[in-house]
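Encoded as C-alpha cells, here's the structure I'll be asking about.
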C-alpha cells in the first residue's frame, strides 16, 4: 500500500473526515431505538461528546451544564480559570482585540501563574452543583496538578499534550512524567492524549489509561500542521487507534475507549468519527458557539498563548444557540451544527446501527466532498444560485 | 479494489458526476434520429425526467404542464399543497423571510395537518386537466395515503424516504410498512426510494416496485452529508443499482427502471447519469427555476421543515425561463440549464447512441472537472479574463 | 488500469494539462539552437500555432498578420465575416451587450445567411496580401464551401465539428459528408477534427486528412462538458492520437500532424501539449487578447449562436498587447501569455530538446498544480501576501 | 509505479510539500536537546536556512545580520546591488509602481551593467562586518564573476540557473561553463543548482560541488510552471536528490548537502523539507517580510526582469517582524511564519528526532491539506466562522 515519494522515501496515504461518507445497509432502525450511551472511567453518559479543555469552551458553569445535558466538559487547569480569580474580564479582553493583537495579548495574559487554590476552587464549584469534574493538565505539570485535583474531588483527570509519548527525553535535571506510575498512583481515572498511531496507542493503553484522545492537527483553532508540519487525517488515526483498542481488548479483556479529538464541526463529522472506530468525540469550536460559552463568540487553541512559538489561532465563531440546542436540539439551523445527538441517532437509525459498537462497523466509501456536494454548491453558485 | 483507511477499516472509492466525462465513439448519429422515450409503470414518456416531489417544484399546475411537455411531475402529498387549501400565501411567506428565519418558519408551517380531502382534490385537479397524477408519500404514511390517492385516480404512487429499507426496526406499538404487501395491494404502480447499493436495489425490486429512485445526499437542497455524514456519489450508486436491474432482468424478465435522483443540474449531468446506467433522472432545482414554479425563485429540501433535525436547506435559484425552455428549448442560456432534452439528444447523437439503452453503454473517463474545465476558468480569472 | 465506477461499469483515468509538469533531463540547449518549425499540408511554419477559426480571433487582417509572424490563422467560413459585408458593426454589437443578452443576440445575428461571394472575397483578400488562406467549415457545409474556397485560392481547408466521425447516421434524405471522397476530390489539403481517441484518429488519417485537430471540451469559451457531459482532458487525448499518428507513420510512411485544440492559455500549456505528443496547437482566447483581434476584447465559442442549444460562452478577455508580443515577444507580462514562441524555445532549451520531435519525448510527471503552485499562492494569500 | 497518460506516454506521480504531513513516533525529545547544526563548504551553522540570492531578500546589511543570527544570506552578484552604487532608490522605485508597470520597469532597470568594482565592494563590506560572504552568479557569468568574488574574499560561490546541466549545447562561438573544471579551479567551495532528479544530482556531485540546490518551479515569486510548463513538486525532487547524496556518500565517502529551494513559506514547510531528505532549505519570501529587507515589503523572482521572457512575478509580502523574530522568535504570529528555528526544534522534539539526520527519517503520510485543515477552514467559513 506504500506510495513512493521519491528516492527510497515511502509514505502511506492517510484519509480525512471530509474524504469519506457513510453508506446505508440492509436494515433501518427507528432513531428512538438507537442507544448512544458510552462509559468513560466508570461514568456512563448518554452523549458520546466531551467538550475540549479550552478556555473558550469550558468554564465552571458550562461544565455543570454539559453534565446536566448528558455530556462531559473538561476544564483546563492551566487556563484563565485557574490563573485569574475573575476570569470574565480577561476573556472579554481577548474577545475585544484585533487580529494583529491577540497573539501578543494572550502571551501576556497567560504569563500569570496558575493558582493552586483556584484549581481546587473550580473543581469544588463543579462538584457542588452536581457536575462531573473532568480536568486537564499537560504532562509537565500533571505530577503537581493531578494529586491537587484529585484531592479537591475531581472525577476524571486528563493528561494532554500535542503529542504524548511514554519515552520522553528530557533535559538533564528534569524528570519526565512516568505515565504508568502516575496513572497507578492517581486515585481517579486518567485519560491521556493525543496520539495517532497503532503502536503508541497500544503503549498508552498499557500504562493503564482510562481512555485515549486521538488526533493531531485537524482542530479548527489548531495550526500545528502549518507551524510544525505535523498532523494526520482523522479517519486513519482513529481507525488505527481503534484497531489497537480492539487488539488490547482481545489481549487483556480491558476496553479502553478511543476519543476522536479535532476537526469535528457538524453532526456528520461526529457520525463519521464513530464510524471510523471512535467511542466518542472531543469537540471545541461547535460548543464555543453556545450561549454562555466563555469565549464570548471566539474560539482559540491552547497553544496560542505559547510565549515563543504560538501554534493555535483565534477564530470568530459567533453564538448560534443554547448548549441544549447544539447538543440535543431542536435544531434552529439546517447545517448540522445543532442537535448533534439527534444527528447521531438519526444517522444510526438510517444506517441500521442499534448501538455505538454497530455504528463502528457501518460501510464507508471514500468520496471526496470536493467532488460531490462541494461541486454542486460551486455549480449552484456559478449558475447564479446561492444560499438564501 | 479496497482502500485501507487505517487499522482493519477498508473502504471503496465512489465516483461522482463531476468526476467523469463521456467519450465519443466510432459513430455519430443525427440528433433527430435519437430516441429518448422511456416507460414508467406502463406510461411512456418522451423525456426521461421526473420533477421531484418538492414543494418548490411541483404543484397541480406544474404537474399538468410537465405532463403536456412529455415529462412527469411528482406531487408531494405531505407538503403545503395538501396541508393548505390556499398554498400560495404560504409559499410567498417562505420566499420572503431571511436566511436566519426560514428554518423556524418552515418548522411552524409544516406542523399544519395533511388534509385527506385536499390530497384527493389535488389528484383530481391534475387528472381533470389530462395530466399524469404521480404522487409521493413517506413510508410512515404510505399505508394511509396510498389507497386514498389511488381512489382519487392517481396514476403512480411514490414511497420515498432518505433511505428506504425492507427491514425496518420500529418502536413497539408501531407497525412498519410492509413494502412488498403494500405494493401488491396497491391498484397502481408503486415507485420506491431512495437506495444506493446493489443488494438493497435487488431487495426492492423483489418487492414488486415499478422503479427505483437512486441517490442519497447529492441534491442541491440536501444537507444529509453534512448533518448525518451519509451519502454516496451518484455515478457509483447508479452503476451499482443499474447492475442490480440488469441482473434482475436476466433472472425474472422484468425490467425495473432506475431513476437517478439528486445533484443533477445541467444537461451534462443528465447525460452522465444515463451513461452511468440510469433510465431517467429526477430533478428539483433546475425546475424550481421555471416560470410558474411554486417556489417563486426559491428551492428547499423536504427535510428542511423537520421539527428537531432539519437537514435540507433553502437556496435562491431565481427564475430563468419557461418550463418549456428548460425542458425542450430553445435555450436562452449557454450553461446547460435550458433545453435538457435537446442536450440529451445532441449528446446521444455526438456519442452515436440511438436510444437510452445504447447511451447506457457509452465510454466514460474519470476526468476531474477541477483539473480541466474548472482550472481553465480559474486560470482565465487569474489572467484577468472573466465571464462577461 | 481500469477503474471500477460501480456495477460492471469501468472507466479509464484521463489526464489534463494542469495535472502534469515537464522534467529537465541530462542536457540543456541554448534556446537559439532549438528548432520549432513544423509543416502543415506542405506549408512550413516557424511557429507551431494555429489561430482558431473563431469570429473573435481571426478576420482577414489577423490572418495576414499571423502569416507574416510565422503562424497560421484559420478563418471561419460560417461566421460574421462571410455573413456580413461589414462585420465590424456586428462585432461591436456583440461586444457591447450585457451577459444576459448575448446568447439571444448571437442567435439572431448568426441567422443571416452565409454569402458565397463574401466567402471568396475574404480568401482573395488574404491571398492578395501574401497571407496563407486557411479556412474552415462544418461537415454539413463542407461539400458546398470546400470547392468554393479552393476555387478562390484557399491554401488549406479545415472540416471541423465538435466531434467528427467517418460513420455518421443522417436523417433520411440527407447525405452525410463522405470524408475520404471529399478529401480525395479537394485540390488542397484538408485538415479534420475534432477527435480524441486512438481508433478515430487512425480512421481519420486513413481518409487522407492532412492533419488532425485533437480536443473536445477544454476550450475557454466551450461549455460542451457542462451542456453535454462530453469532454476528455487534453494530455490523454493528445497522447492517444499521437500514438495513432506514429503507428500510421510506421504503417504507411505518411506523417499526419496532430494539433492540440482547446484549453491552451499560457506558454506552459503550449509546451506541455507538445510534450504530450502534439505537433502544434490551435489557440483561441490567447489571441483574442491581441490588439486588432476582431472580438474587441471578447471571445466566444462558435457553438454559442446555436439557435436551440448554445454551448459556448462569451468571456471578456481584454486586450493585452500586439499579436507580435503575444507570439514572438518581447513579453510585457510575466504570466506566460506573451512571447509564446520564446517560451517554447526556452522550455525546449531547458529540457534539452533540439526540435519538436525531441520535445515530444521529454519526461513528464503527474503533479497536480492545485497541490504545488496553486497551494503556494493560496498560502501566500492566507498569509496576507498578494500579487501586487 | 508508472501512470499511463495515453498512447505510449507514461509519467510518474510527484508529490508536493502540501500533500504530506509528518507523523509522531514512539519517542519525544525536549526541543532544547535537539541539534539543528549543519555544515556547508566547511562552514558550520546552527540554522539550516539560506536566504535566496534575490534582490528583495539579501543585501549587504541582511547578509551580515543573517550571519549573526546563525544562518547564511546569499547575495546575487547580478542584481541591483552590483549594478547600482546606490541601490536603495532603485528598490524604492520597484516597490512603488503598479502591477501593470513593474515588468517593464524591471526590464529597464536590470539593463544597467554589472560593475566589477561593486561586486568586490559588496563582498568586502560583508566580510568587514564579520559576515559570511556567500554570493551567486548564473553559469553564463560564473567564469568571470567567480574569480572576481574569490579575490574579494567571498566564502562561498553559488552557480545558479533555473536548470543547471553538465552538458550544455551552446551556440557556435560561445563556450559553455565547464562546471567540473570551474569548481576545481575556484579557491572557494562552489554550490550549484538547481536540479530535480537523481541522475543529474549525481552528475553534479561528481563535478565537486559543495552542495546542491534542489527545486524547480515551486517558489512563491516563480512562474516557471506557468510560462514554461516546467516544475516538479518538492518532496519528490528532494527525496530523489537525497538518495543520490546518500549513494554518492556510500560510493565516495563525501557528503554533499542537498538544499531544498522554493515553495517553503512556513515552519511546517521547513520541517517537511528536511523530513523529505534535505539538509537545509533556501527561502526567499519568508525573509522578504523582515524589517530591513531590501524589497521593502515586496518580493520578486530574479527571472522577472528578463528582457524577452519574464517568468517571475512580484508579490506584496508586507513586513511582519524582525529577521530575528522570523528566524529565532519569539513569534508574534501563530501561522508558522515566525520563529522558524523554534518550529524546527519543536517539530524534531515532537517527532523524537535528535538531529537533522534523524529528522530525515521520520514517518511521512500523504495527506492532502485540501482534505484536512483546508476543508476545516472552508467549512468554518461556510458555517459563518472566520479568522478573527
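For reference, chains read A, B, C and D in written order, and residue numbers begin at 1 within each chain.
Going forward, contacts are C-beta pairs under 8 Å (C-beta built on N, C-alpha and C of every residue); 3 or more make two chains touch, one makes a residue touch a chain.
Treat the numbers as computed from the prediction; the structure is a model and nothing was measured.
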Message: Over the chains that touch one another, what is the least number of steps taking chain A to chain C?
response: 2
Task: List the interface residue numbers of chain B and of chain C, divide the shared ones by all numbers used, and answer same when the ratio is over half, different when under half.
output: different
Task: Specify the angle of rotation obtained when superposing chain A on chain D by their C-alpha atoms, rounded to a multiple of 5 degrees.
output: 90
- prompt: Which whole number of Å gives the spacing of the CA centres of chain A and chain B?
  reply: 38
Interchain centroid distance [CA atoms averaged], chain B/chain D, Å: 54
Field: Shared interface positions of chain D, touching two or more other chains
entry: 13-15, 236, 266, 335, 368-370
- request: Check the chains against each other and report every pair that touches.
  value: A-B, A-D, B-C, C-D
Field: Touch list for chain D against partner chain C, complex
entry: 3-9, 11-16, 18-19, 99, 102-104, 107, 162-171, 174, 195-197, 199-200, 203, 216-220, 223, 225-234, 236, 263, 265-266, 285, 298-299, 304, 306-318, 320, 335, 337, 368-370
Field: Residues on chain D engaged by chain A in the complex (per definition of touch)
entry: 1, 13-15, 20-30, 32-33, 198, 235-244, 246, 266-272, 275-277, 329-336, 339, 342-343, 346-347, 350-352, 354, 363-373, 375-377, 379-380, 382-388
